[in-house]
């Protein structure tokens, strides 16, 4: 990573085309909003935006080969991502690519395949207040954050959230309507890393919030590839003399 | 455990003696309230109540020798527990005794020694509402619970709670005033198990709540000794022929 | 569980039919060997043996409806288990069924779906020695074990094993040829529990070993359903008055 | 950390003074050997060596104030570190300082206080072979490593190792004599991070091994302070209007 992280922002890009209310908040799409922010940050080498209606759904080998970390936003068209592409994203994560899954991406095919669980939850759209509390204050994803992030108007996501217990739990949300939610969750999977981050919405300006953007950036850095470069599996000879 | 769990309910027992408001809610002390409930449950062989002002602070070798699981409630007199007794309780846990730490016991000496961290938190006493959400719905400590426990009037405990990330996170609390809290936390420590459970108060009737009592009972069962009976440590000979 | 655990031993049952060497060690099949042992243990209500070539691959709704914990042994015919059946087993686990995956079951479809990872490993068949060390000595799955299990002749499985870090790591294996392996691994998934246990082989008498059988039994008890009985997900109304 | 990590290498420094055999391997002491290596690495701003017989045992406020990450090597004089100094190191970790504990430091006072457990183990000094297998291949501490580290002659440490289950298990050792050991272990504690790394010895040239030094350097980077800068604890007012 010495010369910087290559990010692909995968954006479903369907809401933006169909709904003027979405364009009012994200004129160039949510993907561009996130990409624009990331591209200005230290240690980011490049940011590419992929969308569902592009060739190979924006998930060609060429694109994946030049991606260190992928962020994923999808909502209404999860099913249109092909099983083949979902499996390829999963496989890339197991081989080292970082994956930062945003908001409604909890039901995306790549995330569900990587979790192995139902990934469902409670939800409600009345624009209530959310407060995301940091519960692992020394975690790199909490870098530079206040002790909680305050979002005045959000969609609610509530427990039980059908995920494996996170390897590292960074953030837990409080909602005005009475629920809690595990909102910032880290997992190691194979040689890759997965970060799920709850906030986001297509018509609320969540991805304009400074702290939300900071968490996404921190998540991208945390998820950047690292570690052992080659793994041997399969049938092997003994390393010791076995009498 | 085939013939049942022997429980010692360790109760500081200071509030009850000094404050009539406490006696109004717990006429025989909080310890007796918990002990009485546990003693009626299946699989509990015996329940003994120990208090701070008893001989050896209710923590003699005789008592510890006949304790499978200890529950701990302390609040205003943590410092009066001797370091020697705190170390003995810690040591017993490492040797297999279960420990269920209740509410303000988060700052008790045995718990702090076992955690190795600051164990501090935010708090507030205005009798606000708490909702404890189950986030590990298949955990034995969640046995028979609704998806959340509703407590109308409680003391608030808020994050950041200075504990190691729980090995298993069972419950997370929502508070009316805007905070969240990791309220049901499991750790394995040595051959023993530790369960921290947040609810409790000396003048609020928390330990009369059916679900709160159920969690304490489930916690006692979960923390009951199990596993390997003998561990060898120190200098050992090789098991293999080392050329 | 008060009246006992209903176990289904799922056994691929292909080796046994094709290979006399397998029948020499397990005359009635590996499944029967395990089932026979479990059926004699305390707290086991019933044991049913399912095999791949039975109707609905031994995974009918009727069978699943009366299964609290399923053990899974497969090796050479993983691919013949239909995707639909694999998905049904996965779904049952998320709804509370325990799953104890044995040896080569690490590449079975239900296990791979639940893990979300590659699940591959190193392997070697030269009949070398294995020693399974208990590293969580107070875990219920270690109940009654010596500090290590000694298997004179086993197939080797070596790291890197492509699994999510276990929620609880109970056993780690040493192999004569120079490898280590995470051999006893626990995960909570949804409302269910998954235990992976490495030992096993179709022609080595591993499932005649007293300690191996003890771990399987302990794993079945640990994986038995528990917890919250009903979970609400989807769109919900607020529990609090949101101004 | 943008301008680099300030490291303090705490070295007991007793062996080196008493034993010529130690000086033969580490002429300037083990501390200097480690310090020298770290000081040449990218992202390390400064390296200071502290020793037990220095003023305030090399743990003055001045030194701690300018330490981002401390490495700790002690063996024969753990007891001479004052309780006050051990408590100060523990407190600094909880406030964000990284701690990399080496080899026999497993019984040092700061480590034992932070773990809350017995921290004991099996050991043997016959110079046998050790192989440290990477089991979390995407972890930053595994950066640039081969799939295992081969050490021809080491002291053996064996399970059961009395530690809390690591938050992240990076390395597991195989020993020629038949044991395994959790050799590379990560914990978050408060705002700080702790990494335990097994290899090391006073008369074997372990800290001349390229991969061992790489792990120490990776551990220092992983343990560098990050996260939230200010935490509020104690009595707080509600953030919401509580009727």
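Miscellaneous remarks
Labels for the chains are A, B, C and D, by order of writing; each one numbers its residues from 1.
Here is the rule we use: a residue touches a chain if its C-beta (ideal position, glycine included) is under 8 Å from a C-beta of that chain, and two chains touch if they have at least 3 such contacts.
Given the structure is predicted, the values throughout are model-derived calculations rather than measurements.
Considering the contact criterion stated above, the chains in touch with subunit C and with subunit D alike are A, B. Just to note, of A-D and A-C, the chains joined by more C-beta pairs in contact are A-C. Looking at which positions face the partner, subunit A and subunit B present mostly the same ones, since more than half of the interface numbers are shared. For subunit A, the chain whose average C-alpha position is most distant is B. Here the spacing of subunit A and subunit C, counted between their Cα centres, is 31 Å. One inter-chain figure worth recording: subunit A and subunit B are separated by 37 Å, centre to centre, where each centre is the mean of the chain's CA atoms.
Within subunit C, residues 131, 134, 136-137, 147, 158, 160, 165, 167-168, 176, 178-179, 188, 190, 228, 231-232, 239-240 each touch two or more of the remaining chains. The touching residues of subunit C, counted against subunit A in their complex, run 90, 94, 113-118, 120-124, 126, 128, 156, 158, 160, 162, 164-165, 167, 176-179, 187-190, 228, 231-240, 242. Those residues of subunit B that touch subunit C in the complex are listed here as 96, 131, 134, 136-140, 142-147, 167-168, 176, 188, 190-193, 225-232, 239-240.
The touching residues of subunit B, counted against subunit A in their complex, run 131, 133-137, 147, 158-161, 165, 168-169, 172-175, 178-180, 182.
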